[in-house]
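After this come two complexes, each holding subunit A, first together with subunit B and then together with subunit C.
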Partner chain A sequence: MTIKLIGAAAIIISSWVAGIMFSMKSAYRLEDLEEFKKAVSIFSDSISLSAPPISEIFKDISKRVNGPVAMIFDDAGKMAEGKNYPSAEEIFKNAVDKNIKNLYFEAGEMDCLYSFGKNLDLEYSHEQKNGASIIISNINLNQKALKEQAEKDKRLYSSAGVLCGILMCVILF
Partner chain B sequence: MDINIVFQIAAVGILVAVLNQVLMRAGREEQAMLTTLAGLVVVLFWVIQYIDRLFTTVQTLFRL
Partner chain C sequence: MSVKNEIIFSAGGRIKEVLGLVDDGLFEEFNELRFRSKRPAFVKYRGKEYFLLNNGKLSSEGKNGDCFIPESRDIKEFIRVLSGYSLYAFSEEIKNGYITIEGGHRIGITGRTVVRNNAIESITSFCGINIRISHEIKGCGEKIKKYIYENGVCKNTVIVSPPGLGKTTLLRDIIRILSLKGKNVAVADERGEIGGMWHGMCLNDVGPRTDVLDGCPKSEGMITLLRSMSPDIIAADEIGSDRDARAIETIMLGGVSVICTIHGGGLDDVLNRTCIGQMGGKKFTRFIELRRIENKTEAVVKNEKGNVIGTEVIRHDH
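Entry: the complex of A and B
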């Protein structure tokens, strides 16, 4: 009987933890989005203050942000130094595709990411700045909806995890 | 027939109902329906052997 109780407690706790881990996906997505917003702001400030080479801007951004977004800019900086690609957009797209499995972004955020890449090929710095501010406003809108979704998901998955654990115990015992 | 089966079926019913409500309120109607169906399948799986025994007993009693 004691072993049954310990087993039941283990099942319930492990399914609760599994539920919480599912809900963390939204939290990681929010974090990545925040880092990308920071990266776009740093890019916008860098091009308004001076006109350094794109590889230096990417490397600077990769040092100042965290997570998969930093890895994207680090790879983009290395590719830009190598000068093997015809355009900055292609460099950025390749860097994103290389790190896509580390990102928690969905379709909307991936569109923002690729449109930032297209922004890099614009001729004038004021056009690039305008593009960057449009991307930042899109991100702000997405973030607001995501925060509410993350709160709901956290409550849903943790309670669903506990209920599924209890259901499994009832079925098995 | 063990009486525990009745309590098990009742517990599954309550848990499935609660899970159904939680999922409906979170806007996941499809997953709520799937949960209900899964609970129904599990309970039917338990009950089917007793139904089989009932039919066999009725056949034996009335020599059908």
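Entry: the complex of A and C
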């Protein structure tokens, strides 16, 4: 009986943990989005203040943000230095595609990423700054929806995990 | 880095591909490369113009299908890559119609201008580029030295010629020679062609005692250098405005010698038409007119009265 109780507790706890881990996907998505928003802000400030070349801005961003977003900007900075691509948009798209497996972004966030890439080939700094502002606004909207989603997912998946655990115990015992 | 690598590294797209096919040795002797949208590309080599072919070779005849003809997108891609995908970072240079790259080579840009308050705000819809290749020719100023430098004093000198005859090349070598002679030379290098500055490094040899202020307007730069660098000589390229003339007068009154270049057909043209003719008080005492005769560039040295005091060949084309 004791062993059965211990086993049942183990099953319920592990399925609850599994539920929590499923719900973390939304949390990681939120983290990456926050880092991307930081990156866009740094970019916008850089081009209006000292206006260095894009390769330097990307490298600076890669040191000041974390996670897969930092890796995207690091790769983009190296590609921009090499000057082997026809446009900054293509550089950024290649850098994103190279790191896509590390990102938790879904369609809405990927749109923001690729929009940022398109923004890079605008000729004037004020146009790029305006574009960056629009992207930040879109990110803010996505973040709001995502926060609510993350809360719901956490409750849903942890509850589902516990229920699954109980169900498995009922079936097994 | 060779001239070819300096240009190709800055280039992009089809223009980069074609330039990559050009023979390395041949490239080193190019003077200019011109690319115009939907028209054949031209190369100025040893003073003569040739068509640039798709295989990277040169031809004096432009047969259809053989000539490299860039499209508008090729020009745009070239400029985009040239700027490091950062056109916003070169807005001042683009406004002036050119970008200077590593090695001091100047890339002139044409297109549709955006005008505000009667001044060019920017250039967009790029349709043509002219790559003026900077050549450092050490020793071309050696024969001129005796006319402008006596008893430790440098005479106020101006080098006059139409574009493309080597005023900047000669000025650079004179700066180097005077610097080696022990003079502190300060250079107001507005277009970056004299020093060939790149990320704070002077890529051209301008001598051990030369200070370069890169990318500044000449008149302000010369006054700043006068106040901050205790120069014996101040040098500047392509003077022409009244502000330049006033700055030069101030410098001369401060006891510092001036060497500069100016666009013009000759001494009379310069004195009648430009700010130099309107300078009061201290003036230039040496005028070096450059002219091209057959395969050589000749310098005719004149004094303040316009009398010829010497003629020297400063450059032979091979």
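As a convention for this text, the second predicted complex is superposed on the first by the 173 of 173 C-alpha atoms of A that agree within 3 Å, B and C clash if a C-alpha of one lies under 4 Å from a C-alpha of the other, contacts with A are read in each partner's own complex, and residues count from 1 in each chain.
We adopt the following convention: a residue touches a chain if its C-beta (ideal position, glycine included) is under 8 Å from a C-beta of that chain, and two chains touch if they have at least 3 such contacts.
What you see is a predicted model; the values in this text were computed from it and never measured.
Considered on the superposed subunit A, subunit B and subunit C are sterically compatible, since they fit side by side.
Angle at the C-alpha centre of subunit A formed with the centres of subunit B and subunit C, after superposition on chain A: 160°, rounded to the nearest 10. When the shared chain is aligned, no partner comes close enough to touch A:I136: not subunit B, not subunit C. In the superposed pair of complexes, A:I47 makes contact with subunit C only, with no contact to subunit B.
Contact with subunit C, but none with subunit B, is seen for A:A88 once the two complexes are overlaid on the shared chain. Comparing subunit B with subunit C, more residues of subunit A are touched by C.
In the superposed model, A:L30 lies in contact with neither subunit B nor subunit C. Contact with neither subunit B nor subunit C is seen for A:A18 once the two complexes are overlaid on the shared chain. Once chain A of one complex is fitted onto chain A of the other, the partner contacts of A:D121 are limited to subunit C, with no touch recorded for subunit B. Superposed on chain A, the gap between subunit B and subunit C at their nearest CA atoms measures out to 46 angstrom in whole units.
Residue ranges on subunit C touching subunit A, taken from their complex, read 9-10, 12-13, 77, 80-81, 83-89, 91, 122, 124. Of all residues in subunit B, those touching subunit A in their complex are 8, 11-12, 15-16, 18-19, 22-23, 26, 28, 39, 42. Subunit A makes touch with subunit B in their complex at residues 152, 155-156, 159-160, 163-164, 166-167, 170-171. Here subunit A touches subunit C in the complex through residues 47, 51-55, 80, 83, 85-88, 91, 120-125, 128, going by the rule given at the top.
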